[in-house]
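What follows are several structures.
Two complexes are shown next, each including chain A; its partner changes from chain B in the first to chain C in the second.
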Partner chain A sequence: MGSRSPAARRFLRRVAIASGAYVVTVFFTLHIFRRGPLHLPEAIGVAIVPSLPILAVIAIVGLYLKEETDEFKREIFIQSLLWGSGLTLALTSFWSFLHLFAHVPGVDGFHVFAMFWIFVAISAFPLARYYGGSDE
Partner chain B sequence: MNNRLKVLRAERNWSQQDLAQRLEVSRQSVNAIETGKYDPSLPLAFRIARLFGLPIEAIFIDS
Partner chain C sequence: MEITIFTCRSPLSEADRRAVIRYRRWSAGLFLLFLGVNYLLEHQQAGHAKTALALVTGTSFFAFCVAIARLVMSRLDEFQRVLMTRSFLWATFITMGLVSVWSYWEEFAGGVHLPLLDVPVALIVMTAVVKVVVFRQNSPGEE
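Now for the complex of A and B:
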């Protein structure tokens, strides 16, 4: 996204807020759980808190796809999301086998959210390079 | 799908950025359409056709 559209700027601002909320809620949840054991209903109530910003991000992605008027940018974004999903699923599956059978340390599930967005961002570079071209 | 966008743009001495501004899309969109890496939607194809004053089939060639 060389020159960002107003929709892209709104998207980045909203995602930054939701990501900040996610980090805060993850630390909040870890803090609560480390204080001592909770009964299952309480544990469910606390554990669900960090998933709320994730749901918000899904809504933010939907808003962006609705607000972005440049159909090509929508296409590139969808491709980035697909690459991000694929790479995240592949890596978590690969790592799970290593964890189960090769005694490699496990990765906590709440890191997957950040991993997904890192892969989305990384995949945007080759896509931009492929489609970018030069003015002639 | 092949298209004559680059030729039509060159005839008017427009850069990709000029065309992008006229179509209200990004320069990357124009580049991707010109190089055949991206096929525009029907509404955008109509906008392109209107801008050049040509029918869609005179710009986009079904290969």
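Now for the complex of A and C:
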């Protein structure tokens, strides 16, 4: 990807930092909870810590959409996000009904965010190809 | 009589009227399918047939969401479509953020379990709420 825009480079750098922070906070939270039970307000406070980098990623996406000057790349990214959202919506609906009626194992809520980004990544490739992009 | 859908206050054109009729037919059919399959699921023993019926239920629910989205998008001009996309992106990220926070609270602090089916429902509700805010902010009177 030699044609990355400055906004895309900033986006990737910020996401890398947020991902690193996510790994650190998950280990931190697990470490705290393994030491022993906490009182409810403390437990809620510590449990929310790993979701802060996730919220940061959301803010980073917003920044990227604001900073990206290449209309085409921004449009591809927006369409990927919409496809990712639609596919996540579809899969969570399918899986919920399978879980309710066919008793397949349930899925934890924090997998939804990961699922969303996997779909965004998957849909970005055919979209770029469809619109004749040369970003790969 | 003037029929209005969401923020579009202009009278329905012939194409819009056809889109509304198509939406009504689809939504009625999908609702009947949803009810019928749910009834069958109640009386079906566990097995492959039940899995297939559960998939049909999920599909009908998703198709209903698609039908609403198609109707809304068909009624919007280019500017409204941009606002709608913006609303949907905001709603997606707010929902994802809330689901993540809730899941960690549930996992580590014994919070109430969040059923997966609540995620798509929350996304739809959030889209409706955010849409009102985004369209109000960008309405001609606010400029």
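Some points to look at:
Here, the second predicted complex is superposed on the first by the 114 of 136 C-alpha atoms of A that agree within 3 Å, B and C clash if a C-alpha of one lies under 4 Å from a C-alpha of the other, contacts with A are read in each partner's own complex, and residues count from 1 in each chain.
As a working rule, contacts are C-beta pairs under 8 Å (C-beta built on N, C-alpha and C of every residue); 3 or more make two chains touch, one makes a residue touch a chain.
Owing to the predicted nature of the structure, the values given are computational and were not obtained by experimental measurement.
In the overlay built on the shared chain, the residue A:16 is in contact with neither chain B nor chain C.
In the superposed pair of complexes, A:70 makes contact with chain B only, with no contact to chain C. In the superposed model, A:24 lies in contact with neither chain B nor chain C. Touching more residues of chain A than its counterpart among chain B and chain C is C. Judged by the touch definition given at the top, the superposed model places A:122 against neither chain B nor chain C. By the touch criterion stated above, A:131 is placed in contact with chain B alone, chain C being left untouched. Residue ranges on chain A touching chain C, taken from their complex, read 29, 33, 38, 40, 43-44, 46-51, 54-55, 58, 61-62, 65, 78, 81-82, 85, 89-90, 92-104, 106-110, 112-113, 116. Those residues of chain B lying in contact with chain A across their complex are 6, 15-17, 24-29, 31-33, 35, 37-38, 40-41, 44.
Remark: chain C residues 41, 46, 50-51, 53-55, 57-59, 61-62, 65, 85, 88-89, 92-93, 96-97, 99-111, 114-117, 119-120, 123 touch chain A in the complex. Interface residues of chain A, counted against chain B in their complex, comprise 2-3, 5, 69-73, 75-76, 128, 130-136.
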